[in-house]
């Protein structure tokens, strides 16, 4: 049976997430999972199961995430995973889209007086193992012909500790994660994120190869969140829009018109539920990592294409 | 004392027939062409120097060791690799060891009822009654609820005999039952064995207690280097040994 | 083996499969084999079905592709363009390195603590049993983390050495303890240094020779020469003399603060130190128990007999107790070495690049080849432990006491 | 008594010498000090060195503990409260004790459930550990796993009851059939248990868990020290029977069975536990059908159980080897068959000898359960290294947390090893 | 047999003087006011019930145990805590233990040469010659290159005696040298000891072998509860014990 049927039969969605990265996926003080990646899981659960809480969050590490997905332990992986050729082709996964355009950066203590990554010759660098970050790092220093000493760490938490203890001069990871990490510091102001972004890191949810129905469900749920923002559909005005909107695309999206839901193997209101879960992409962004949050990320590349960003959902038609 | 032996009845029925039996340990030939017929009710004492194969011989009889050539027939059952036959023979044949081999984690009574309950499928109550009967016979009914470790060696050996008897065997094998005991205790065990002999039990007994041999044996067998060298009635055997090897052995053992 | 006399051939009945000792064991083994094959087939079938469903296969060619990542502590030439296989090799060497270092140090700790625990000094004995109990009863992972934390959180960062009034300074101006590891001077081999090294090697041979000579002298004439200080003298005096004669050819490359880190000298990384020290002190507690048991296994009668012969306590130890105790101590000691090797896989908790961290960690993560990597990893450890147990068997056979 | 002389050899004592107390120098604290602390100059030096070490440790630790702060809600506050004085921030323990003990996801209103299970564990373990207690208590030991399962995981009570029913049915069938042959009894029992489980599986209503008396808690939500305890207890319990089977297999005269057991045991003992945990986390899922949902906890339990059963098998093999051959022979000559001999004669004795060894393995295993933190499970070490140290409030509190974990492990492990020593002494003097 | 004893020469020189010696284990008073003078060439047998302090007494003589009151003088050397004196006394005094205490990791020859080489600083060759000499004396020169584990108990005890003799002691102490041996072996060890006695060695021997005592001892000492209760020449001691405790002890030991 396809994953979609499995999920429906089971009544819960098994969603692989990070073991703890504030803003993307981390349990809060009450043990409740919060974050952008988590929101995608909830949206899918809402779309498929009509219950945004029907999600089993499976914390995965860099090491376990791909096996967990490949072996069927989880139905989808939503864990700041970079979309790369080999993961898509060789590891046989299907990336269904991008929920955050990221790039790798460096964080250093202000006291070090470094203003560019190129000045890091001879530095000790904390880097999470098993990530594309590690490879980019090697390439960056190699192409710039400067040396460094890697300190491999397993988790964000560990990287943060090592960095704060001063056993590495700089911590490198995706710029968003750097911001998230810095936000959790006691004195965030003592640390700067260097201007260089040394890589492209399109992060998105992924599913197994070969189950296109399921891939479609996840892909279009994500697209629904993005399109909703583009069309101005928010969790607040959802019902109103569904009832009154003149815009036919909104009508198709929210299932008042057409049979898109049916084509996916869901009901008509699937997207409506997905958006109701945590709001549209913009709301999610703002709630978890936006400028009002301690993480304080600007939309930047992650703005809608209409605002000069890269977010560009295919049309619902 | 020889009278005592002849008094006891020996029937014509055959209990054990061993024919041309040979056994090797690896390439070491322990038993060579053993031929032996034991009638029901006979009491046979086997003696011989250490390493001559006495233990091995009687252990072959109840299949604790397997032999490689020749045949052993016990009570009409041929000892073969058929488990049924082995089981049958073992339930006919009781055995007592030099070191008693009581089960230290079970009480005396449990030691005695274990096999009847599990092998003979006797109800527990009945098994206990039988056990008490035999424990009385070996004169230690009052120790029934103690553990073997709490008894003296002689008592332990008597329990071991009672344990065998509880399976109501028709043949008893003894492998040096008194050699691990202190002198005072030897007597109590021998007394029990003599009593058993008087009741007409078929017995094969490896022992160097010559007094016992004279008193109860119908036949004494002398083994050396895996062969039966000489056998005779006790009086004749002790007073007038034929083979020089027997003479040497007897002079050593009696001179001691 | 030809078995008992049996009924004539040809009378085979099916029940004999269970009832006949000859066939019974064959029957059981056949059933076991069947079960084994069925379960292996079941697991293999699932594996291939799962892999096929995921479109994956089992292949080892990823080992030949560039690893792409850097490793901070390498014993052989390695850079991010080297292959995964080479990364694995680096890991293997690092595993062996930390295992070797820990074995040596654990032995030292263990023997010291074990002997002191038997000391008739009450306080010292109690202190040692405190050490043993504390370390034996707390997981080694926690010890590794604790010591790593001491290394990273308590030691000063290199930048603390900076400035006119540095918060930290180098020991004797030679060694720097930082939270990234310990920097020690590295020797610089000038011309003529070969002679010095050669002298040193000759001195070592000389010490062995001297000790032989002393024993022979004792045996032939009964004269007992001192061995302690002459050995030391032979070991060092000629070398030092030669060092000055050759015009001090061996210099020191003293680590110096430059840029972000110390440069020059030899860096012993914090993860290595943490792992090394934690494994040593943890396993030392177990070895101490083995040593104590070994010494206590030599009966008091042996010591008494030796003293009654007039031997002094030191000689009693050397000639009578130790040779016997060693037979008892060494087998468990070797299995402790095996444990150290296996526990060194916890390197992953502190980011030391051993085989578990490279092949079983980064390579696995980067390539996603979980099955292949884990299998290779197990193969490696299995080889090591089989080798060690082979050594142990050889030893055990060699020292078995001759009995009747 | 100078009358004793070579020339007048004969001597008979007329008066008895009563025992006298030893001279003062040979008793009392002075003698003790002299003998135990200052016997020789070198010894005195050692004593002084030891005193110095003790002083170092205490002077560091005592003020730190004494000045400890228990009430602040973050490290910053704590540092302020300490105001530069050396002292511990134990407030992290008062703040996060629940996470350290139960993980961060176990619902706090249900903490009483695992706690009760722990208390009952002592009751259940007592008759196994202390032979003197009435044997009847073993009944509780037998049902304990089901009670504990229900308490910790919750859900419908029908599940543990069904499991128990299956086991009871199996046991009954076994009892009925075992008199015929062990094999019939054994396989009959297993089949009966499976029948009950399958049939029962159909009967239990699908939604039973939702309306259950105890709310179901998924095993992913287990964490903290509770997870270590559960892994330790479960795996050791499960691995004893498997270890027995392996040990018997290794002693078997059948070469194939022996070979299988030897290969298994040596393989497991040759690889570090962490690689087996990798197998659990990244490989094992490939070996089961895609639809089977073995969660990580279960997979880890499988691998750790395999691991410890190999070690326990070796301990039991030692116990079997220590039994005199006469016990086997006596059993044979009484006509007991192999399963009977093993069950009634050999194993009861061999296991008793092996208990101290098994306990040592159990201690080692319990310590090794911390390794699950490496594969992303939140046991107590995982909690410390992950959520707690990464949180904004407690970033940088190492000693208090690691010390707390160490103390917990020390108490449990030291307790168990003291028990094992007591047992060894007792077995040595037992009437055997 | 008493003649044999008197035949052997006893000189007037004093070998051991023990005066008012007391010893405690903790607060337990094991040895009480022991006074004993041993002349050179004397052969003394010490007997007494178990726990009476016999072993402790002779172990005090070569400082294996320390005493707390009184003095022990061996060959003119006062036993004190001075290591020099202890060394001196130990090299004068040989000792044989109940359990032989041979060094299992060394061959018989090495066992015998170890102390001469390391304590007496005898060249190895010479030490080996001496060792062979004494091994011949105890009649096992052919076992020289075997390990202790390969010998029987009696042989081991004889090696232990030879090992002590290799240090050429002037006094020998024996602590129940035959009590761990089988009867056949006891004889061979006693023979060796008798031979030694005949050569005039000063000997203190804890033993219950009364035959030996009668044959070689000049004096028998009976100890009980840490005291010397009675001493006398063997004939008088055995035939006419004075103290009731001695009488009781002898009746038990000889009645056996």
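Per-chain numbering from 1; labels A, B, C, D and E assigned in written order.
Convention: contacts are C-beta pairs under 8 Å (C-beta built on N, C-alpha and C of every residue); 3 or more make two chains touch, one makes a residue touch a chain.
Going by UniProt, the chains are B, E = Arginine ABC transporter ATP-binding protein; C, D = Amino acid ABC transporter permease.
What you see is a predicted model; the values in this text were computed from it and never measured.
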{"item": "Most distant chain from subunit A, judged by the mean position of its C-alpha atoms", "value": "E"}
{"item": "Geometric centre: closest chain by C-alpha means", "value": "D"}
{"item": "Leading chain pair when contacts are tallied as C-beta pairs", "value": "C-D"}
{"item": "Distance between the centres, which are taken as Cα means, of subunit C and subunit B, whole angstrom", "value": "57"}
{"item": "Centre-of-Cα separation between subunit C and subunit A, whole angstrom", "value": "43"}
{"item": "Distance from the mean Cα position of subunit E to that of subunit C, given in whole angstrom", "value": "50"}
{"item": "Distance between the centres, which are taken as Cα means, of subunit B and subunit A, whole angstrom", "value": "84"}
{"item": "Set of subunit B residues in contact with two or more other chains", "value": "none"}
{"item": "Two or more partner chains touched - positions in subunit C", "value": "50, 53, 153, 348-349, 364, 370"}
{"item": "Subunit D: positions in contact with at least two other chains", "value": "278, 282-283, 285-286, 290, 374, 385, 396"}
{"item": "Pairs of chains, among all present, that meet the touch criterion", "value": "A-C, A-D, B-C, B-D, C-D, C-E, D-E"}
{"item": "Touching residues (chain side subunit D, partner subunit A) in the complex", "value": "75-76, 104-105, 218, 220-221, 278, 281-283, 285-286, 290-291, 293, 295-296, 374-376, 378, 385-387, 389-392, 395-396"}
{"item": "Sites on subunit A touched by subunit D in the complex", "value": "6, 19-20, 27, 31, 56-61, 63-64, 67-68, 70-73, 154-158, 160-161, 164, 184-186"}
{"item": "Contact footprint of subunit C on subunit D as seen in their complex", "value": "35-37, 39, 43, 46-47, 50-51, 53-54, 253-257, 260, 266-267, 269-275, 278-279, 282-283, 285-290, 363, 367-368, 370-371, 373-374, 381, 385, 396, 398, 402, 405-406, 409-410, 413-414, 417"}
{"item": "Touching residues (chain side subunit B, partner subunit D) in the complex", "value": "62, 64, 87, 90-91, 93-95, 97, 99, 101-105, 114-115, 118-119, 121, 147, 149-150, 163-164, 167"}
{"item": "Residues of subunit D that touch subunit B when the two form their complex", "value": "179, 324, 326-327, 329-330, 332-337, 340, 344-345, 348-349, 352, 431-432"}
